Structure formats: C-alpha cells, structure tokens
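One chain, chain A, appears in both complexes that follow, with chain B as partner in the first and chain C in the second.
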Partner chain A sequence: MATKKLLFVARSLPYKTEASRLALTHAISSQSVEIYLKDGDLVEATIAFVGDGVMNCLKNQQAMKHYGITSIEGHMKNSLLLDMKVMICKEDLAKFGIKEDALLMDADDIGGEVKAQIVPYSEIQKEMESVDHLLFC
Partner chain B sequence: MKLGVIMSDYRTGSDVIDRLTAEKLGIIFVGNGVYHAASKEAGKASSILDKTNNLYVLTEDLESRGLTSANLDSRVKAITYSDVVDLIFNDYEKTIWL
Partner chain C sequence: MGKLTIGCFSSLVGSLSLDFSIKLAEAAVAKGHTVDYWMSGNATMLSKKGQKAFKDYSHLAKPVQTLLATGKFNITACEACAAARGYHKEDTMEGVKSFSMDWYLASTFEADRVLHIGGD
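After this line comes the complex of A and B, so read on.
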C-alpha cells in the first residue's frame, strides 16, 4: 500500500493559456485514477498558486458569461469539494495587494468542507520537497 | 500616425510599447493585458499607463477574471467589445496586437 503525492504549481495567469486550468483539472482527475491502481494504493494531489498564478483565485469570475467556458473559480471549487489541499502564496498576494475577501476560499455553496489556505512561500517549498512528483503549470 | 495597440499580455510587450512613438497612441487592454489596468505590484501601477492618456480596457475580459471597474486605475476607461471595434475603425489608422 502506497500513496503517491503530486503537487501542481500554477504560476500562469488564467484564460489566455490553458495552463492553470490544466493544473486544476489534472489534479482533480488524479482522484479518479484509483480504479487503475492496486488495492490500497492512493494518489494524493495538492495544488499551489504562486506568482501571477494567484490571479486564478479571484472570485466572481464571469468566464461563462463572456467566453462561454467554465471558470477557473469553478474548478477551484471542485478541487475543494474533493478535499484537495489548495495553497495560495501569501507573499504573492501581498505583492499584488490582494486581500483574502477577494479570493475564492471555500466551496461551502456546493457542500465542500475544505478551505483554501493562504500560506507563506516557505510552506509551498516544503510541500514541493515532500511530494513524489512536481508539476509546474 | 494614429496607432492603436491591443495589449493582450501582462509579462511581455512592455519593451515594444516603450519604443513606440505615435502622433496619437491608444492602448486597449484585452485578455491578460487587463492586469496592467487593474492590478498593482508592490503598490505601483503598470508603467504602461504612463505612456498615453488614451487607455481602455475590455470589460468582458476584466469581468471574466473576477475583476471589476472598481479595480481599475482611474486613467483607464472600461469599454465593450463594440466600443473596441469603433475605436479601431474611427480613431486609429493602424492597429497592432501585442
């Protein structure tokens, strides 16, 4: 029995490229691969937003209204609904002057119990060191 | 030359803008370019906003990213897609996309 830990680090701005969306959707889909694993084996994904990537975490994104596509915010909610650990870099939020109330921090409205965490970069660094696979997007 | 610049990125293109000269220069922020108009880094607004007084941002791209007119630098005017078309056809002889 083993757990493979993955960390997706989203550092790209949303929408112009698919990078941050792919980080989230791959992290989410990693939770469905267990049917292909041996009994007892697990995959545990975490997602961290750093640098420009913190912009993905702003709430009230209206991508469906304007682009006809699901918002990054919606994918973040789904990841929280799946109890995924979501980390947002504190220093990068401060650099942009973004306050917590501007961010999507929970998925309460769809039954999620886990909250996103605003953490110092040092904690994200520790997470990078602790995982088996590291993916920058 | 009356030049309209459609700025669609946040981290690239500033070097080009710095070198451009035009009798009339307009900058329209679209896509990820909207962060020039609506965010500050270390408390400082984007230096591109000092380049001209004719600054516009596409509302659709702003709102899609969870931003609103309230986030905008006061020098930038929020406009719609049809306003962009009007600007291109009526106010500028040439347009470039960065």
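After this line comes the complex of A and C, so read on.
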C-alpha cells in the first residue's frame, strides 16, 4: 500500500500548444489510475503553473466561442472539484501584472471546496523536491 | 535492472524530441532495463502504421519495431489523442497499444525514473 506523488509543472501558454491542457488532463486522470494498481496503491497528482504557464489560470476564457473547444479554465475547475492541489507562481503573476481577481481561484459554482494557491516559487520548489516524479509540460 | 517510463507530447517529424526519447529507450533497453513509452498529443503520430522512410525526415517506425521485438519495451498511445487525429485501431502499427491517460500515470507508479517531454 503506497502513494506515488507526481508534480506536473505547466510552463506553456494556453492555446498556443496543447501542452498545458494535456498537463491538466493527465493530472486529472490520476483519479482513475487505481484500475491499473494493486488495492490501496495510489498516484497523487499536483499541478503548478509557472512562467508563461500562469496565463492558463486567467478566468473568463472564451475558447468555445473562438476555437469551438472546451476552455483550459474548465479543466482547472475540474481539478479543483477533484480536490487536486493547484499552485500558481506569485512572482510570475507579478511579472505579467496579473492580479488575483483576474484568476480562476475556485470551483465554487460546481461544488468545489478546494482553492487554487498563489505561492512564491520557493514553495513550488519545495513541492518539486517532495514528489517522486516531475513532469514538465 | 530498472524500469524507465518515458512520456512524450512532441510530434513525429516536426520535432526531434521524439527521436531523442526513442534513442534514450534504445540505450535503456540495451543496458537491460525495461521501458514503458507513452505517446500523447502530437506524439501519437508515432503510432501510425505505413510510415515511409525518407532521408530528409525522421523515421522511427523501424527502431520502434526493433525495440518491441526485445520484449522489454511497451509502447502505448493515448486513445483519445490518437482518435482526435484520425488514427484508429486499423491505422496503428503492430505492437502499439492504446489506452487512456491513467495508464501512463499507473506506469509511473513502479518506474524507477520518469522522463516526460511535454511538448516543444
């Protein structure tokens, strides 16, 4: 009976490539990983947005209107609904002049209880050091 | 001997990251390790059968077949990513499996090392 911890580090801009969306969908898939594992074993995923990746966390994304696809904001909401830890780099937000009220911080409207966390890079570094595997996207 | 899990989002041709990751898999298998290889996003292009070798383009079908023949190499494509690109079961190279993303996360559970190439 063991838990393996993964950290997805999303550095890519939203919609320019598929990488940040795949980071979120892969992290969310940790919810159904037990079907491949022994009873009691788990894979726990966390996601951190750094660098250009913090742009993925902007709210009021209009992906359906412009591209006809689901928004990355929707995947972020799902990850919060599933109680996944979502970290956003404070320094990188400051570099872009992005304030907290411009970000998707919770999934209250769909019943989520967990909130995204704006944290200094040092906290993300600590998380990197604490997990079993790092996955940069 | 250990187990290496490699995940890649980068496309065949278009990017050399996929070439690098297959070279790494070859090196690991040659040392006696086992490799689980996961293709997601544009990397699912590697699962397509009928790839033609041109000298100006990367050609990875042959090394993948050679790796599969060792019995120490498992290669799996994200089924949704492949289907979205029009690659279905009948288009898939022999020996390549197709599963959802949780297969990849499960593979990391027993991996000694994970190398993830999350796109270019």
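Annotations
As a working rule, the second predicted complex is superposed on the first by the 137 of 137 C-alpha atoms of A that agree within 3 Å, B and C clash if a C-alpha of one lies under 4 Å from a C-alpha of the other, contacts with A are read in each partner's own complex, and residues count from 1 in each chain.
Here is the rule we go by: contacts are C-beta pairs under 8 Å (C-beta built on N, C-alpha and C of every residue); 3 or more make two chains touch, one makes a residue touch a chain.
Just so it is clear, the model here is predicted, and its values are computed rather than measured.
Placing chain B and chain C on a common chain A by superposition gives a fit, with no clash between them. Panel annotation: after superposition on the shared chain A, the angle at the CA centre of chain A between chain B and chain C (CA centres) reads 90 degrees, nearest 10. By the document's definition of touching, neither partner reaches A:110: not chain B, not chain C. In the superposition on chain A, A:15 makes contact with chain B only, not with chain C. If you count the residues of chain A touched by chain B and by chain C, you find the higher number for C.
When the shared chain is aligned, chain B comes close enough to touch A:61, but chain C does not. Distance between chain B and chain C in the overlay is 12 Å (nearest C-alpha pair, rounded to whole angstrom).
In the superposition on chain A, no chain A position is in contact with chain B in one complex as well as with chain C in the other. The part of chain B that touches chain A in the complex is made up of residues 8-11, 31-32, 35, 39-43, 60-61, 63-68. Interface residues of chain A facing chain B in the complex, by the touch rule stated above, are 13-16, 52, 55, 58-63, 65-67, 71, 73, 95-97, 102.
Of all residues in chain A, those touching chain C in their complex are 4, 6, 12, 17-19, 22-23, 25-26, 29-33, 35-37, 41, 43, 45, 132-137. Those residues of chain C lying in contact with chain A across their complex are 7, 9, 40-42, 81, 100-106, 108-109, 111, 113-114, 116, 118-120.
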